[in-house]
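Letters are used for the chains, namely A, B, C and D, taken in the order the chains are written, and counting of residues starts over at 1 for each.
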């Protein structure tokens, strides 16, 4: 998944892909980093990137996030351009035709929130997928009818695997 | 409410009454104590009894509770004779006739779990009352039908106030 | 020795006194305002008594309630800590009148040193050097001008009842005189109910150096060497150390002797501090005497091994000092950083709030005196101090190395802002490392947004990844217990949740 | 000086070395087994590398993986801590072979002191007093009996390759001899792969007193005074102090001189410890030399002000000692309590598990070296140490007062059992307070269930009230975030929930 982060007035684009639980491939600044993340507290994380160890505390302050480490605190804001785009798109006009909802990352299906034949609204949650020990609700980009459901709760899915079809 | 506690092989009977949120009247060993309790952590409590300050940590170990303080740790087991009696009673034979379910302490009704006319089983929860910032589910001592409901969710109730009638 | 002592204070100093009591086998009584029912000092004490609503004037400054609490809990003595009633002769008298022992000097000594003008007279009479200044309070513009012309500009106008950096103004030249005189006297009236003021020669590049003294009721008086307190923001100390990198052995010996002289002049007993102003030529002048334990007492304890609070209690109980001047020596170097819930980026305004995650530094050479715990609230009603972090080293460089290391280990997060990164900045500043600073250091050197931009890609990537992980955790309802804890964060995350919903 | 150091260890000692590195401006590399990915030492280090599965043999004792980790992270030196590879000459050679610096003595010195028999020979040759015993290993029952009759019973049979209290047996009289000889040699074979053993005169009421030494690569060698380590359970130290209440100035001077002599005899450099056995008449005998940093090094650091780990690193970098013998002095008194996740009531068996709530003692005279944090797990695979709590005081009484106070402040709860109350018991025991103890103290004095029954009704009422409150919290699904935290408790409460359902 792509993210746009602004720290110290500099915008950074980062591509994040979860290889396995807690292990990530990060593409950033033209370089690829292998990262391993573990939660060590409420909002504390131990991250090892290319052999370097980072111990980080995260707190939110208004629309900013403050990430504190031994070296000091960094303020940043986070935006997910992909989603933002999809969001505005959804607002502008109805997505038309057949829409396939796919998993953005490898993980486990926690819950299927719709049944075949259900009418769904744009932005309504259809499937919850767990990755990184945390859950993400996938939403329908359009108002329409659920025509296919390819997964069941508890099933593990690959990145890009088809979950639900809406028409 | 009455409790039976066993510490260091000695049985102690204690009568606990919540006067207001966090403030209790304790009758114990023939004496009355005024106690003020505040949660200061997951299982940590600051308790002031007759002007003395106690800082206590509680952890469970099997059927025992371990209460740790500056002075050391005390193991104890806790039984609520009233409930136990009611429990066994309920087991032995159906409580017959009209039963009034009253609040055991002053507090706030969080949820009414039944509706007039509902059939309830013995031991089924009927009302949840919050006191001491913690909730307690009051159960029906008999199988029967809900004939009256005197309270609604959100309402505060006095000690002994009638909540529900089951026949 | 006392059986039970009431501590008429809160926060870290109340906890400090409770610790001293416990080590002496004395029971401690905490008092608390309605804002402090679950404060650390209440949890740590053997007894606790509520003394009123949150505002200090109605609780920690409520004499009848405090005396009553002492009577009800059977306390035999009262320790005032610092601030609040610690330098209030009236309270000391009320304590004595109630048949209790005040752990501090006599009301007379408190009074004598309490008035800036009186104390300066007293001290110069006792042969203690004071900053050249008006022998008495001055009446108005003309008197001030006359005197200024005598000692020469720049001059300092000080409210007689002022203190703690309040009620003083610099006059660089004759033309600003009139207006400044008006401001000071009106300010003084409103702040201290006493419009009187006096004039002193203004010392350029002044260093604030103070000497700790200890005296028992038999008059045995010793000094426990100096503390360097020149690192100040808004006229308040934030970093202190002992020894002072500026003081020479000769100067140290002289300051110590003068301090003892000053204490004896007012028949002082208990722990006290003589504050001096030192100029670039190492002349030093009496500023004032603090007739109480100081916030920064730990650095003296670390280099001398003397427990000053324990000594206060033993002296109050009538015991003689267990040591002579020759037994007291400085060993190594100690530095203290005051960790406050304040925002250096916003002119050091207090920024109190709830603490969610907290991990204190530990290990070799580190001492931490905290008044809070994880889950506690730093209330808005009082001094927003979180803890006093002190580091000892065999020499100044090692002490600084350890302090820098400890500041890195200090983990605190929640709904508050701290001055931790400000302290990190100080501990790496060339002038601080060189010991080359005066009381203007921070005003001159510190500018908001000193945060260096990083081009360390791995670090930036880690930072962003942590932010993403935390954010996912926050939007997630079915997280595991641990993540739930992030809820303390509940409110902290609310704003984020909003922000997040926009994103969707 | 090194740019980057790898620490081939875990837990508090790894954190201790990381701190020393950070203070010296050196980057630290942590290694971790699969059980330690989120351990404190990994969080605190600048770099971290996994070295294998949980069992030590596959990770912390995995030479190739450790050397590889050093190469990959660009470490220039390796600090072994204590335990694991710290006294393994083979590892030290492997480190050197890889072109890295081993932070410790030479492989030759490690080897020479590693073999009990060889080292005893070496030492007596060097004029160091050793316990009367067989000059060489003995072959069997008859040789042992013959020698026993020469030096007289009781005697101690010790495995040549033994140590840390393992592989030794007491023989009170001739009749137990045969069987015990068999046990020892078979045990020695299985535990150390070396069946050889030797015999020593058994010292009654022995005290374990050791002397810290420091030596640089130029041969400058000093002693840093003694540590008293006689408070042991199952032949392992739990409480240490410096100075020793048993050692007289003369004895101290003699022990120090002998220790330096012993170190020089093996061309020792880095930090090391000569362990002595002292009898009631203050005769002392060489036991063994530990060619590494000791667990209990903090008490020496507290009384001398010398940073032993920093010294190890500087010596390894080729720097000369920055002080001479005459510059080293003891000041005050320091005591260390080893806080373990173990159950004293059950013969001190390890009782590791997850930590839910954790609050460490702080304030004057307290130093804590921990290897854990709130939410961390004390793994079952390694030494279950939680932290080393040390207290400094101007004298022994003050140090004990502070330790007792600190033990009270030490709050830890979760799925583990600790020896905190055991330490509280020691710190109030008349014989400990009097300094009247030997290595048999705990075996003689400690009996399970020493918990005194309380008739303090207010305390009992508070205890029961807390239990009720916690229990209600546990059965409650709609509790506020904070109570949810009790979820760490999740599993801890499970059993309670069961119990509770019975009640209903």
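Here, a contact is a pair of C-beta atoms (placed from the backbone, for glycine too) under 8 Å apart; a residue touches a chain by one contact, two chains touch by 3 or more.
Since the structure is predicted, the reported quantities are computational estimates derived from the model, not experimental observations.
Colleague: Following contacts chain by chain, what is the lowest number of steps it takes to reach subunit B starting at subunit A?
Modeller: 2
Colleague: Does B-D or B-C have more contacting C-beta pairs?
Modeller: B-D
Colleague: Round to the nearest whole Å and give the separation of the Cα centres of subunit A and subunit D.
Modeller: 47
Colleague: Taking each chain's centre as the mean of its CA atoms, how far is subunit C from subunit D in angstrom?
Modeller: 39
Colleague: What parts of subunit B, by residue number, touch at least two of the other chains?
Modeller: 41, 52
Colleague: Multi-chain contacts in subunit C: which residues touch at least two other chains?
Modeller: Only 44, 373-375, 408-409, 482, 485, 487-489 qualify.
Colleague: Which residues of subunit A touch subunit C once you look at their complex with the stated criterion?
Modeller: 3, 5, 7-8, 10, 12, 14, 16, 24, 26, 28-29, 31, 33, 35, 37, 39, 41-45, 47, 49-50, 52, 54, 56-63, 65-74, 76, 78-80, 83-84, 87, 110, 123, 132-136, 139
Colleague: In the complex, go through subunit B and note every residue touching subunit C.
Modeller: Touch residues, subunit B against subunit C: 36, 38, 40-41, 46, 48, 51-53, 55.
Colleague: What part of subunit C is in contact with subunit D in the complex they form?
Modeller: My answer: residues 15-16, 19-20, 22-25, 44, 298, 301, 305-307, 309, 331-332, 359-360, 362-370, 373-375, 392, 394, 398, 401-402, 404-405, 408-409, 481-482, 484-485, 487-490.
Colleague: For subunit C, which residues count as touching subunit A in their complex?
Modeller: The touching residues are 356-357, 408-409, 411, 413-414, 421, 424, 451, 453-454, 457-474, 476-480, 482-483, 485-489, 492-493, 495-496, 499, 503-504.
Colleague: Give every residue of subunit D touching subunit A within the complex, in rising order.
Modeller: 30, 37-38, 42-49, 72-73, 373-376
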